[in-house]
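Paired with subunit B in one complex and with subunit C in the other, subunit A is shared by the two complexes that follow.
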Partner chain A sequence: MRGGRDALRALQVPGDRTREQIRKVIKLKTSRKFLLLILIPIFIEALVFLIIPILGTLGISFLNYNPLNHSADFVGLDNYRELLDDPDAVKAFKNTIVFTVVAVALNIVISLAVATLISQMKSNKTRSFFRMIVFLPCMAPMVASAVVWGRSIFNTKIGLVNQIIEAFGGEGVAWTGDPHYVMFSVIVFTLWADLGYNIILYSAGIDGIPGEVYEAAELDHAGGWNKFFHITLPLLGRTTTFVVLMTLISYFQMFAQFSVLLFKDGPQNSGLVLTSYIYENAFIYKEMGYAAALSVVLFLLILIVSLVQQRINKVDWEY
Partner chain B sequence: MKKKLILIALTVVLTLGVALVITGCGGSDSDGGSSDGTTLTLWTHNNEDTWNESYQNIVDAYMEENPDVTVNIESFPYDEFESKVQTALMSNEGGADIYEMWGGWGVDFAPAGVLAPLPEEMQAEVKDECYPNTYGALEADGVIYGVPQEFNIECGGLIVNNNVMKDAGVEVPTTWDELKAAAEKGTVKDGNKIKVKGFDFVNWDGVMYLWTSMILSQGENYLNDDGTINVTSDAAKKAWDELASMASGDTAVTNLSGLDDGSDIEGYQELYTGDVMMVPRGPWCLAEGVNDFGLEYGKDFSYEAMPFYGPEKKFAAETGWSMAVAAGLDEAQEAAAFDFLEYFFSDDVIMQHNLACGQIPAKEAVAQDPEYVKNFPYAEPLVGILDGAQFIGSFNTDVFKECVNESFSAYCKGEAGTTDECLAALEKTLNKKLFK
Partner chain C sequence: MKDFAYTRDFKSRALIFAILLAVSIIVVIPYVWMLSNSFKTTIETLTDPMHIIPQEFTLDGYIKVLTKSPFFHWLGNSVFITCFNTIVILFTSTLVGYLFARFRFKGRDFLFAMLMFTMMVPAQVTMITTFIIIDDIGLYNSVWALIIPSFVNVFGIYLCKQYCEEIPRELIESARIDGAGDFAIYWRIVIPQIRPAIGALAIFTFMEYWNDYLNPLIYLSSTEKMTLPLALSYFSTQHTTDLSATMAASALIMIPAAVVFIIFQKQFIKGLSMTGMK
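This part shows the complex of A and B:
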């Protein structure tokens, strides 16, 4: 009690201004402590489910580890060297890049175009209706959608696409069986299933652009294309950065449609991607060390692409 | 001050909550022991009702004879069964005491020490009484780690659509030449497109099984003495070309759609719809013709003996469904588990199970028992050739099939060079992939 009085007296001695500063420092320290305390659960979660698994994967990639017999011999960089000599790994790497680049590019272009078209509609209700329609496929689980597409749409014998082609006198194609069409089929399905998210994000971005900017452009007699390329597109920079980054990361990790839509990665491994190959090595061949090395490569690939993409699309303005 | 304390308390509670949720994931099952006796857990996959019913009947009968033992059956969908068994065996907790297990998994599990070796008397019993392929995958370093339930056979039986055969004006073939001639007659083409396939062996299992059987029936082997692959023999090349001529070109009696049309409709299902005349497949396909396609066995379709390519009635076969006990159980638990397996493996019980599940028996005495064939006439074309089976080999058979199918498809399309080049490349790939 006495100590408390002394402290108070000490606070009062230097005058009001200093006392105010000390109070601010104490308040800041208290709020920092509080922040740290409430962040503890999320730190634990990140540590347990992110940091430790990532470090664990890195560690396992240097081992010849079979989880069944618990043997784990240290093999140094052998798993990484094997990657370079493994034609399936090279194929999986190429397929992943092709799928991601093509699907992300198409996704961005189409979703921006659709979002722009929807935003042109005058009525709020019409806009909402079309946004709901394009978002519907996103609400269905990817696995279920892939089963339906595989059995009813891409099926060679009874599939909708081939029936339409044959009705017009053409010859049906093995959409998920012919190596020339496998990646095309997966990309078409992925776009159908996934476009809705980005259309909604772009729509929100377009709605956020102030109307005055367009009004000013109209005063200068700017046409529709000019407004799109000189106002909409640049002012959607932040949205585009976010959308491209998230889509890239997500498409590098795509797994469900490849494993459901294709039978055993498609003929001649034409649909083999890194995620499928990691799964096969880890859980079918029990080559956990090799699977971990593949995972590290995929992690680095995503990290590098994300950093480069962020640097390219850096936006340092606001409205 | 009071407000601060409440906030700190809330934070602590939240942290503890998260920690509890995280640590709660690792909860373990009880050891299964009870003061009244022993409790065993048996994991099986969900199959047709008949399989689950048969397991339950066996367990009930066993518990009646052994009132101090309780056996609980837990069943899982097939798609997730392998990963569940694997995860349980890897973590050595939260799993079962006895596992129903697909033989192919044994190649990984048996040498890994996650399964308990059978008691010596049981090992001797399995070796003496079962066909070698039925326990081949369950054996590691001469020790057997499971009891085979069935003889998994995909080659040796021929499903025939009697109506298509009648329309083609051919009889059930008894030699390879007759089979080829019948297949050609039964094939209906519209230009280059095959409308009705005379003999459809092109599917995920079919090419590999037929080809290896053709090699073996010529008196050669696709396995070297050390277990590695040899598919560059003259017999292998001859058989390869024969199969390719039946799946491509003017002499084609089938096409490659079973491998590359991306569809999950198999040749035997097309046979039931009248689009295929003959399909070499295991007896497990037959019930579907009656139950799902509404056909009458004997009238609409039948199951016949498949003619062999060469003079010897030989073929390769995998290890099929089996039963194994987990390693690391306590003594009483392990003894009870093996006692149940011994009961399950007794002639009468396993025969009832084989009949209920439509399986070809792993035990020679059961397979050759006239009572068995009387109750399961589908098996008639097969029981006489079971002696000719060779264990397929201690490797991942899915990888084996995948490589053979890829090469066959490419070869038929003219994308894999000559026979010599194609098979030399295939042999190299197989030995690299199967024996890393």
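This part shows the complex of A and C:
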């Protein structure tokens, strides 16, 4: 026990040895008590609300568990087989992947661009002002932002977007009611609501690049674009890895904006994503077994993406 | 200091400033629209949506939210759940992080690896069985359903462990020689040393529970038990024709968060960049 060894080292300090030795024995005892006092409740909590739920959901995914009709029979891989034949599940997968890929790509490009532009401002005050503004939407509950966008920005009749389009003689569209525009609208909203995080992370990354690197480039008469592509971008590699992974994981699980912006997952399920489908199956239809299987697949999807990303990153480093 | 990082040319800097200004306007417009609509009469929101400044300024929307809905109930639920969780998580994360960083005990590495693994598993997996457990112990439709499962925060434990490992050993040793007990060391030495981590964690936990929508949706069914985000989405479906009241309700939820952020923005941004870089 490290605490004990520390006490032992303390004995080397000249002084009343016997008293120190007694103290050491007491210390060891209190340390053990202290450890158990904290670890046991923490362990129980982690067991009941982290470990058991993970194993439990995995187990339930092999049952046709539905508390409404009291069924809980072992059905093997039936739930997993079923989701391959379920057009809604397939649609939910497709939508989730399209949303995640497009939104993450746009998010990374725009947040890097905005962070770089902000870093070009000379005065510290201007920089923190712009960072504050772009981070503002991240503070608000996403539900509140989605209500505002759904009701007064994307609204077909009185929404700001259509009002502007009509003022220029165009024809407004049903942003959240037309299956062609549903995904576009949700992505635009998500970018508005969520870009601030990555802009801040990229800004911190840019601030961490030593000025001498740019100084050297300046001596070689490197222009702005050159400096960006040959210095800023490569040196932000670590930040990018982190930002991409975190954004991917969180976008795979997005739910609030789909639930609030769209009416019942949008027309023809055009805005149905995995989390919504899991939520509906588990808590509305109470098809817990099927929902569990869907959630396990979502977990595997996230796991695979994380592993692939790590692999790509490794290759990058070796290069 | 970092002068070379900047574009020297005045023209391109003015252009960059203009672009950033445009971005800022896009970011702010929904807020302006929300406030503008919240002060309009219901009729004006329908007939004259393009005027930013209301023709007829009214507080009817706000009065409706505050008097005809249990708004203060919702606020109370949100404050209670968020504060309770934040305080408990700060306490458990610092304590357990300290234990993992500074003590050696049987199964420590296994326990820590297990905790780290659970961080990889999305909430959609755990929520199904957690719901069954919570329902079994009779906490469905109770605010405790949103509190009791959240005592262990793996990210918090990880963050605090990282910071505890950097505390100089001599500091803890000398406190021990002075006869300080384990809890006294934790409280008087460890806590002040890892204050930046605590600040960042407090911000994250606060935002996580204040903004949470999925869990309240799963666990809370009666109107007066709802938290603010859930209540707002409920309120807006109840008042589909009343834009002014819905925008007033949104403003009442968004403005306090914005004000808190503007006051503490330095800490927010520092905390965010710090954990991002770790």
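Everything that follows uses one rule, which is that the second predicted complex is superposed on the first by the 260 of 319 C-alpha atoms of A that agree within 3 Å, B and C clash if a C-alpha of one lies under 4 Å from a C-alpha of the other, contacts with A are read in each partner's own complex, and residues count from 1 in each chain.
Following the convention adopted for this analysis, a residue touches a chain if its C-beta (ideal position, glycine included) is under 8 Å from a C-beta of that chain, and two chains touch if they have at least 3 such contacts.
The shown structure was predicted, so the numbers you read here are calculated from the model rather than taken from an experiment.
Enquirer: Look at A:Glu215 in the shared chain and tell me whether it touches subunit B only, subunit C only, both, or neither; answer first, second, both or neither.
Expert: Touch status of A:Glu215: second partner only.
Enquirer: Return first, second, both or neither, reflecting whether A:Arg151 touches subunit B, subunit C, both chains, or no partner chain.
Expert: Both: A:Arg151 reaches subunit B and subunit C.
Enquirer: Going by the contact rule set out at the top, does A:Ile38 touch subunit B (first), subunit C (second), both, or neither?
Expert: In the superposition, A:Ile38 touches subunit B and subunit C alike.
Enquirer: After lining up the shared chain so the two structures overlap, which partner does A:Val48 touch, if you call subunit B first and subunit C second: first, second, both or neither?
Expert: A:Val48: touches subunit B and subunit C.
Enquirer: Give the label of whichever partner, subunit B or subunit C, reaches more residues of subunit A.
Expert: C
Enquirer: Check whether A:Tyr285 is in contact with subunit B, with subunit C, with both or with neither, and answer first, second, both or neither.
Expert: The first partner, subunit B, only.
Enquirer: Looking at A:Phe93 after the superposition, I want to know if it touches subunit B, subunit C, both of them or none. Which is it: first, second, both, neither?
Expert: Touch status of A:Phe93: no partner.
Enquirer: Have a look at where A:Gln268 lands relative to subunit B and subunit C in the superposition and call it first, second, both or neither.
Expert: A:Gln268 sits against subunit B, while subunit C stays out of touch.
Enquirer: Quick check on the superposed pair: does A:Asn69 touch subunit B, subunit C, both, or neither? Answer first, second, both or neither.
Expert: So A:Asn69 only meets subunit B here.
Enquirer: Identify the residues of subunit A that lie in both the subunit B contact region and the subunit C contact region.
Expert: On subunit A, the overlap between the subunit B and subunit C contacts is residues 30, 34, 38, 45, 48, 150-151, 157, 283.
Enquirer: Name, in rising order, each residue of subunit B that touches subunit A in their complex.
Expert: It comes out as residues 4, 7-8, 11, 14-15, 17-19, 22, 83, 86, 89-90, 108-109, 111-114, 204, 257, 259-265, 396, 398-399, 402, 406, 409-410, 436.
Enquirer: Could you please specify the touching residues of subunit A with respect to subunit C in the complex?
Expert: By the definition above, subunit A touches subunit C via 1-3, 6-7, 9-10, 13, 23, 27, 30-31, 34-35, 38-39, 42-43, 45-46, 48-54, 56-57, 60, 114, 117-122, 126, 128, 130-137, 139-153, 157-160, 163, 167, 192, 197, 200-201, 203-206, 208-209, 211, 214-215, 217-218, 224, 227, 239, 242-243, 249, 252-253, 255-256, 259-260, 274-275, 278-279, 282-283, 288, 291-292, 295-296, 298-299, 302-303, 306.
Enquirer: Which residues of subunit A touch subunit B once you look at their complex with the stated criterion?
Expert: For subunit A paired with subunit B, touching residues are 30, 34, 37-38, 40-41, 44-45, 48, 66-69, 150-151, 154-157, 174-178, 262-264, 266-269, 283-287.
Enquirer: In their complex, what parts of subunit C are in touch with subunit A?
Expert: Residue positions touching the partner: 1-7, 12-13, 16-17, 19-20, 23-24, 26-31, 33-34, 37, 45-46, 49-50, 92, 95-96, 99, 102-105, 111, 114-115, 118, 120-133, 148-152, 154, 169, 172-173, 176-177, 179, 181-183, 207, 210-211, 213-214, 217-218, 228-230, 232-233, 236, 243, 246-247, 249-250, 253-254, 257-258, 260-262, 265-266, 268-269, 272-273, 276-277.
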